[in-house]
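Paired with chain B in one complex and with chain C in the other, chain A is shared by the two complexes that follow.
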Partner chain A sequence: MSMVETIYMPSENDFRGKTKKFNGVQNGGKISNGCHKKTKQVDEETEKAWEKDFCETFEETPMLAAISTYIGYLILVAVGHVREFLKSIGIGVVKCVAEPKIPGFVPLYQTWESFYSWYVYRRIQDCFCRPVSGVPGAKMVVIDRESNDHRWSFQYTGGHSTVLNFGSYNYLGFSQNSGPCAEEVEQTIKNYGVSVCGSRQELGYLDLHKQMDRLVADYLGVEDAYTVPMGFATNSMNIPSLVGKGCLILSDELNHASLILGCRLSGAKIKTFKHNCMKDLEKNLREAIVDKQPRTHRPWKKILIVVEGVYSMEGSIVKLPEVLRLKKKYKAYLYLDEAHSIGAIGPHGKGVVDYFGLNPRDVDIMMGTFTKSFGAVGGYIGGSQALVNHLRLYSHSAIYSSSMAPGVAQQIVSSMNIMLGRDGTREGEKRIQQLKWNTRYFRRRLQEMGFILYGNKDSPVVPLLMFMPSKIAKFSRESLNRGMGVVVVGFPATPMTKCRARFCLSASHTKEMLDEALQITSDIGDLLAIKYSKAEPPSYSENDVPLVEDS
Partner chain B sequence: MVFNRVKNFISYWYLQYLLATSVYMLEPIERRIFNCFLIIVLAMFMYTSYVFLPDHARMIVYFINSYILQPEIVDGV
Partner chain C sequence: MVPTGEITMNIGTATSEENPTHSYLGSRGIWITYVLILLITHFMLLTIPFFSVAVAWTLTNVVHCVITYFMLHVTKGTPWGTPEQGKARTQTQWEQIDFGQQFTPTKKFLTVVPVAIFFLASFYTKYDTTHFCINLIALGFSVIPKLPQLHGVRIFNINKW
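For the complex of A and B:
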């Protein structure tokens, strides 16, 4: 099998500081015009081997469900407008903030956002932002509340419900208030205090932080790492110090808000490509290299590809081997955000690079957070020594924000030691295998029942599609009554017609808990008629995941 | 027993109607007004079709038949 490859290699060193212009490939002093065409015998078998095990489904929306959803939104918007009109006359109680219309002043509330929040979101507000108390581990305690004025305000009834927790990002089950991690954290707080009270560059760098940075670097397999006390800020405050004006950022269309904010703050030009579509990415890369900067046609200083490891709303895993191949071919840089995939994916729990069996040194900037898998807060960026040295000097978070609290740093150190097996037990391996088994089992059973699920068979985030906003409200209320707490999402976090419930699996869920959850989901699914799937039964199963037994 | 089955059947389909049209999310008074409005519109639709549909259907059939049996002569020759 042969593949025709066009090789066009501009490197930055060719253009930086030089005033003469040339178009062509510089090859050992000789300048030639145009592109070289070479035919390469590429072994497609080894390159596409990862595709055999890669199984993602994004089933199409059934026509009736789509029509009902549009009709439902039409009715809600129409009723909302009628209520607005009645409010302006004076009939009916609408408890939103009244804004006096003073001429010459810009209106305070934007029209569509406020309308949506008052007349659509407010009606099912009891399904979102529920207050919990205690540790949200495998089970959580939800505080009951009721509303007497159609969900404008809530009052506590005084009761609690203990429900199964499928809403917390607790992939490895480190959300505990007892155990080795908690004891070590308690000791550290007694030694170091509660806060550091200083930024990284000014008296905020403890030996604990040094140990934590070293441990993160060892865990990932990179040269060095740099940690930030807030996960969102890791993206939004560090991307501006890496790229600037004159650079191009190619980001996936479904990237997280922190990545989008960081990209916008940097001042670089941003282009989005279709979600996980490698053909679109390649097309954008080729256009970028050929067309160069929009007005001046100078070549881009850097091209940065920003992707996530696991996308939490879709449950899909990035096609990393393909992205690396494109990155090497077109000499771009790769920024990989592993917020949801570190600890949760891969045979050793080291993220999406481990899942595909690739070399972590190939990814230029490996970013991740400790919030989801390690029971802590904050984020890290790992990469080459030069990168981390630069970040330590120039990152906004190193200069302006206080560094990580000692208790949190100790939690990270303890949990990573457990995951690496350095505490002498097989606890880390046990958690990884349990999570994998849970993922496969849960997904297989749900798909066999007939629900539409999105995403990869190995992703611990399971979105269950329901399409209509009223169905997600009913699902949320019914499941809370029956003892299961899930997160439901609608517009604007998801596209308007694709409202869904999202299950976040954890290594602390036992098989009995999963069976109970599946029974509840099946009952509610029959009640609401959300078993839309017409796909074949799944071909994967949980039987090829070996569990580590307690010795 | 049969009354129970009928009640379950009606309540299941009422819930499906509420969910599909998002009337489930409206406040109780809005739900009542919307249901009344829908019933009035459906009643008017049924009354109109009961009164006018047979005559309309008969006229359509008559025109189709006359067109098939004797085509209209154009240019009057």
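For the complex of A and C:
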């Protein structure tokens, strides 16, 4: 008996019209309810269940905006060349430190390398590196400055502006100098002092560190954890002790500089795969296993896949279930950098593993930082007991750097206790839900206004694309004048046509603050004509995020 | 005084490419912009009353050749300080495109454009001998440095460091 059956699988965003046809009797002829069931297909359906809730957009650059961007850069470069020429014949006034030309000596610097910095970046330099005073919580105090010589130098006017803070990584709102965390930190500093002044392996291991390590391990759901006093160094100092020569590292093309540095210091071969593209990762894995090491064709000692939880420039979330499936299939190891995702996503705030509902024991090395969500500094690595024992002995940071300051350690302990609910209140839950609500609300409203946003609907980092360098400058200045502080990024830190403003949402932002920010953004958006989006309005909303009321 | 270059501009940190020169000529819309600028220059030259059509076309060809030669084959390194510590400092922009791979789409496009201009200029100058020689020399300067055999070659050590 042959029967052809088609099954249509509608997905949330659009009807993709996926059809599955199969002939004949499958699986020993199991018939139930009059349709043929194929168990393999059922596995596929449940495995792809996470895809239904995964909503990520990276809308294409509109062609007119791209062309205008290039012409804009061309004009800037042309004017820069004219000024350079005027400087060389003595007319132009360029206030830069130039190297004196000593006869008989080879020049130390290439003047060409400063071209962009002097003639393009310097013109909008007041938008970057603004001095801030006080605690960067939901609002921050920006110190006003002005420039009399076309932004070669700045002078303080003496005034301060209190603006909404959308530039700091403060996902759970722990960036406060009052409250239970701050009081406990003060007490700890009185007990232990300001610094430890010793490395972990040499008298620098306090009972506070032991408590912190245990707490981090409990928070993540792994066997043990190891903490490092500097977030960047957690990657750059620990990857070399995990992989070495003869190993292969497959790293995402948009990985952070700390991961790239750690991979380079290790001496392993590095291959990059397209951002969040699982087909490319699988292709690289297969090629690596088949071709083996480059000249000797010996099999690789280890294959390590390095990905991040949330990518801060794009706002995308890694497709973790797929990565885990590939990891298990090809027997590779996974290093997950949760710098921006720990505390920020997931129903319990436990990161991207929690977001997808997976088992934390599946990820071999879970790394993260305390800087973004917990209001502290430093990073951790969590995993199996064997891994952490190895790191405690062989990591550079255990041997050569001093261990975490007691005040910082106490901040981590206090904030994690709040997040785990061990202080008896529902404060942790409240913060997580508030952040989720804020994220969904902000993103939905911005997309409805017509801005192009990148990234996942749940990512608290919101990149707003503006494409042209002059627009990011105007956006930054206008929003500061109207009371909102954002970070803008341009070329060459981003691709040429993808200059953006980046909003970092926080649990300490109230709905009123978000509404004010949205109003400011909309006004500036109309002024600058940056509402380019031609996509449909978003299908997600903040209404399915329950907020915890104050009891 | 103002600090220069890499400290303040954050190239290669966070999640950006170490040296954007490798890929910016292949980004979306830049080929169209290139052709557009060429057309605009040509029309501007055509509007000058004392230039005949032939002179305008030859002038377009020569101006295009000079500017692209200077941009792609004379300027070395990058106009920004890169965190990769000057690996590309002795390489011209042509050699930096796509990490030095040959026959990539960007390189093919940039080789085809001078040839297309040469054909159009020859047609509009009605194959006059003087114009032809000038256009041929301009074509030579445009296409020969782009050959893969001349990758990294410095004739008479000109422009070596």
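What we mean here is this: the second predicted complex is superposed on the first by the 495 of 551 C-alpha atoms of A that agree within 3 Å, B and C clash if a C-alpha of one lies under 4 Å from a C-alpha of the other, contacts with A are read in each partner's own complex, and residues count from 1 in each chain.
Here is the rule we go by: a residue touches a chain if its C-beta (ideal position, glycine included) is under 8 Å from a C-beta of that chain, and two chains touch if they have at least 3 such contacts.
Model, not experiment: these values are computed from the prediction.
Figure out whether A:Leu527 sits in contact with chain B (first) or chain C (second), or with both, or with neither.
After superposition on chain A, A:Leu527 lies in contact with chain B alone.
Output check: A:Leu203 vs chain B and chain C. Expected answer is one of first, second, both, neither. What do you get?
After superposition on chain A, A:Leu203 lies in contact with neither partner.
Decide which partner touches more residues of chain A, taking chain B and chain C as the two options.
Comparing touch counts on chain A for chain B and chain C gives C.
Given the touch rule stated above, what does A:Ile91 touch, chain B (first), chain C (second), both, or neither?
neither
Check the residue A:Ala493 against both partner chains and state whether it touches chain B (first), chain C (second), both, or neither.
second
In the overlay, answer first, second, both or neither for which of chain B and chain C A:Cys277 touches.
Neither partner.
Considering only touches as defined above, state whether A:Ile71 meets chain B (first), chain C (second), both or neither.
A:Ile71: touches chain B and chain C.
By the touch definition at the top of the document, which applies to A:Met63: first (chain B), second (chain C), both, or neither?
In the superposition, A:Met63 touches chain C alone.
Looking at the overlay, what does A:Tyr116 touch: chain B (first), chain C (second), both, or neither?
second
Based on the A-chain superposition described above, do chain B and chain C contact any of the same residues on chain A, and if so which?
Shared contact residues on chain A (touching chain B in one complex, chain C in the other): 71.
Looking at the complex, which residues from chain B come into contact with chain A?
Within the complex, chain B contacts chain A at residues 15-16, 18-27, 30, 34.
Help me check something: in the complex, which residues belonging to chain C touch chain A?
Contact set of chain C toward chain A: 1-2, 4-5, 8-17, 20, 23-24, 27-30, 32-33, 36-37, 75-81, 83, 89.
Which residues of chain A touch chain B in the complex?
These residues of chain A touch chain B: 68, 71-73, 75-76, 79, 83, 120, 123-124, 150, 468-471, 473-474, 527-529.
Going by the contact rule set out above, which residues of chain A touch chain C in the complex?
Spelled out, the residues of chain A in touch with chain C are 60-61, 63, 66-67, 70-71, 74, 77, 95-97, 110, 112-118, 121-122, 125, 128-129, 152-153, 254-257, 311-314, 489, 491-497.
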